[in-house]
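Remarks on the structure that follows.
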Amino acid sequence: MFLALPHMESQKAVPVLRRRGVKAIDLSADYRLRDPDDYVAWYKAPHVDAAGLAEAVYGLPELHRKAIAGAALVANPGCYPAGAILATAPLVKAGLARLEGIVIDGKSGVTGAGAQGRKVEPMYLYTEANENVQAYALASHRHTPEMEQELGALAGAPVRVAFTPHLLPLNRGLYTTASVPLATAASTARLLDVYREFYAGEPFVRVLDEGERPTTRAVVGSNYCDVTVVADPRTGRAVCVSAIDNLGKGGSANGIQNLNVLLGWPERTGLDAPPVYP
Amino acid sequence: MFLALPHMESQKAVPVLRRRGVKAIDLSADYRLRDPDDYVAWYKAPHVDAAGLAEAVYGLPELHRKAIAGAALVANPGCYPAGAILATAPLVKAGLARLEGIVIDGKSGVTGAGAQGRKVEPMYLYTEANENVQAYALASHRHTPEMEQELGALAGAPVRVAFTPHLLPLNRGLYTTASVPLATAASTARLLDVYREFYAGEPFVRVLDEGERPTTRAVVGSNYCDVTVVADPRTGRAVCVSAIDNLGKGGSANGIQNLNVLLGWPERTGLDAPPVYP
Amino acid sequence: MFLALPHMESQKAVPVLRRRGVKAIDLSADYRLRDPDDYVAWYKAPHVDAAGLAEAVYGLPELHRKAIAGAALVANPGCYPAGAILATAPLVKAGLARLEGIVIDGKSGVTGAGAQGRKVEPMYLYTEANENVQAYALASHRHTPEMEQELGALAGAPVRVAFTPHLLPLNRGLYTTASVPLATAASTARLLDVYREFYAGEPFVRVLDEGERPTTRAVVGSNYCDVTVVADPRTGRAVCVSAIDNLGKGGSANGIQNLNVLLGWPERTGLDAPPVYP
Amino acid sequence: MFLALPHMESQKAVPVLRRRGVKAIDLSADYRLRDPDDYVAWYKAPHVDAAGLAEAVYGLPELHRKAIAGAALVANPGCYPAGAILATAPLVKAGLARLEGIVIDGKSGVTGAGAQGRKVEPMYLYTEANENVQAYALASHRHTPEMEQELGALAGAPVRVAFTPHLLPLNRGLYTTASVPLATAASTARLLDVYREFYAGEPFVRVLDEGERPTTRAVVGSNYCDVTVVADPRTGRAVCVSAIDNLGKGGSANGIQNLNVLLGWPERTGLDAPPVYP
């Protein structure tokens, strides 16, 4: 069963499903964070289903395919974490990232905010969002701990990220620009090799060739994530960039991929439509 | 005289003006960088007017008002540097910023790129730019050394910034999100005080109240720069945000402000029109 | 006094002003229609200020400059009527239009609808209006009788127009495309002469040269109306096109022009800012 | 074979295919008009393949399904004619339309113009098309004779339409608003019945319920055409409205439908993806 309930509602429904033996893919935030204290800190309320939380698997197949295949409960990632983790995971996993000083800039279309952009509030009016750019939730966005949890698990050590989300004037598309301090000097070519190896065989992550750069238009309407990395020897950092559809790899299409993994179906089932272009 | 020539053309014209005693405000990049080597490094060609370069003043009145008033040659800033410097200068000047690890994310409307968006190239077509987001010039944008020069001068020490520009689907507007590591812990209220003091009396910089955030729509059509800062104790960083019109404070309106300063006119002369909204 | 009250509210306030001898420019629909029955038919409520209605002047200076100058009460036109009347008035006045079969297609940015686009309703959400086009109020828009009243007065006979408004994905801009059956064959050059003569001396109407066509971007942010006409001998019709800013000539800027006429001030007072471009 | 050649190029290639017995679906304008003189009049050049022209079938399955099924050469309609014909055909076919005074207003996204919006010309730049509306090809657009040919065939008498195309700021979407004088008075309900009957069984035309209105967003990404009609007893006219994707029912998706009809495949083959929304 797919659950697309508001945050804090899924944790009331999931225990019922579990008792009946129904496997669930939850699109809310309720089972994404393993540490119950994170819910208190970021969602301002204690979690009421500790058992569910303990068995939930973070539903990013590129990181947890095996666990998802055997899971009873899959927590579909938030849109920003999906983009941010896929942009930086190879660097972190390879030990190439220094774990202090990671800065992540997220940029989302309006369907990525406010009930898929359908929330009837002034911020989401056409005359407010069109021809406008704005940052929001400065130093306080709830997707931050998701990124830290997953990158920390890859690093085997705590990770802190400075994350800033932005609302942009487009319907769909989520773009991530991460600046990651490098533990050791490395060329762009070497970093791209690390990415290609990390994502080898992945049906929905496309590591672009050197010189190419992700664009949201190349992925919108699909489950693809386009990603690249460039070394910046001047600053000792790498810039990691990804583009996804917030309703695709950052939302329900990734949920369908989870379903395919969970049921042992071919992973592209239902996800074969090409991106809409333009 | 205002010069709006392509880069590398102004440095041929300015010596002629100088010999005739004509004061100039140059909108190209030709006199923004004090170190001639930077032109070799970033513009791939040696500078041909060393004398002009030596006497040029960087035309950001908030930093160099007195020098502009007495200048013979004023170099109007690039759009990204205008936004980035105004977003971070108070922190750097106050010694609150650590000089390693500054990350700057720039987001520009299409008139901020490609000959004010009039360059007839595929990248600037409607069907390419609309409903799309993309980073470009990864780790290599020519506005980077401008930021480093001005922030370094404020700091009294070399500064490196990791800068990434982005092209967004809007006509006008330039948004800067900077992540600055703090030298000492400080609250948002304290940082805002530093900003208010730094910009006290400035006619075109508006430090927003705590909880407010800059939007491009509030400044487009004007010479205003809206700015804020938020402390992030979790990461030991501050997030500094500014919004300008790339054709306003990031372009010709700032040039008019320079003219006013240069000629001793009231600084709002010709700049009194309110922002277009929406 | 300017009144910017909801429809049906102005007619309660205006009598108070009139008793005190205060001249008023009303931006609502309450005093635009001379025939009280039209309010019953189109606004579904009887008018409560017959005296005010009797003395109100329709505030389009291009048609009623002298009357506005001496008026106690000026009814600022609706945005669609402003565009439609200016597009077609010269043809109708010159007796070149057949009065049956006039078709007017109106296209408005979002600030032209729903409380200047600030009405917090689903139709005005970004995700509803962006990348979308829709007609609305089919055969029933309340601006229709305004057009018929003013064109009928010019013709000296009743006029019916088939008017269809559309909501387009832009902030500002109102575009009118009118198809008018011609009473006698006439070339485009001849029709343009009629327009040039009709609008000779008008400070805010620009009759374009043959081959040019109006665009909203050329007028947005200003009080200008750009207009052209083309003969279509195949169909015995003319196509009349105008572009205005719905908040400009179609709204408050025209109100300021009315103020200038009313007070005998130079007509461009406060209206001198150039269009925003782009 | 699908041909997507520039106009005037297909007519050179098709004879070669015909000699080899290859069936063709041509996406250019070269075989849409039955009368060779129309090519001289509207395309300013004589047609060089009279034999091909004689046997070509106009590829709108809703009008010519049987002929397409047996055709050797199918001329895929222009985007504006597809929208305009589907909006008005039921009225014309039923004898409810007067054939003089039909006015058609077409509104297209940028992919509907200039080589699917990829023509590298100033008119198609983002800064030209964004936040802008403009009519073009006034009284002279080449899609006009297509509309007149097909509507004339349905009427059994010559039809003239006054057609005006517009370029709107969106990627995809083509909206048609037609004003048709009625031969006899009829209610909206009665007109909708005529539409429902005309399109009964059509897999891709959706006649909306009374009170609903077409929007481009409901069809973009698909082969659907949404259509409605409203009677306007005041003017003795009907307003007929349709929405299509110019690259869908107005372009290649309709070509695929033609392929399915031609080959006797189920008509939705390859056309099953839902519209992108939003």
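All chains are identified by letter, namely A, B, C and D, in their written order; residue positions are counted from 1 within each chain.
By definition in this document, contacts are C-beta pairs under 8 Å (C-beta built on N, C-alpha and C of every residue); 3 or more make two chains touch, one makes a residue touch a chain.
Keep in mind that what you see is a predicted model, and the values were worked out from it rather than measured.
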item	value
Comparison of A-D and A-B (more C-beta pairs in contact)	A-B
Most distant chain from chain C by Cα centroid	A
Inter-centroid spacing, chain D versus chain A (mean Cα positions, whole Å)	42
Rounded Å distance, chain A centre to chain C centre (Cα mean)	50
Centroid distance [mean C-alpha coordinates] between chain B and chain A, Å	32
Junction residues of chain A, two or more chains touched	111, 117, 127-128, 130-131, 169-172, 278
Residues of chain C that touch chain D when the two form their complex	101, 103, 105, 107, 127-128, 130-136, 138-139, 160-162, 164, 166, 168-173, 175, 177, 179, 181, 213-217, 220, 228, 230-232, 234-235, 237, 239, 241, 243, 278
Parts of chain C lying in touch with chain B, wherever the complex brings them together	111, 117, 131, 171-172, 221, 273, 276, 278
Residue numbers on chain B that touch chain D, as the complex places them	110-111, 116-118, 120-122, 124-131, 169-171
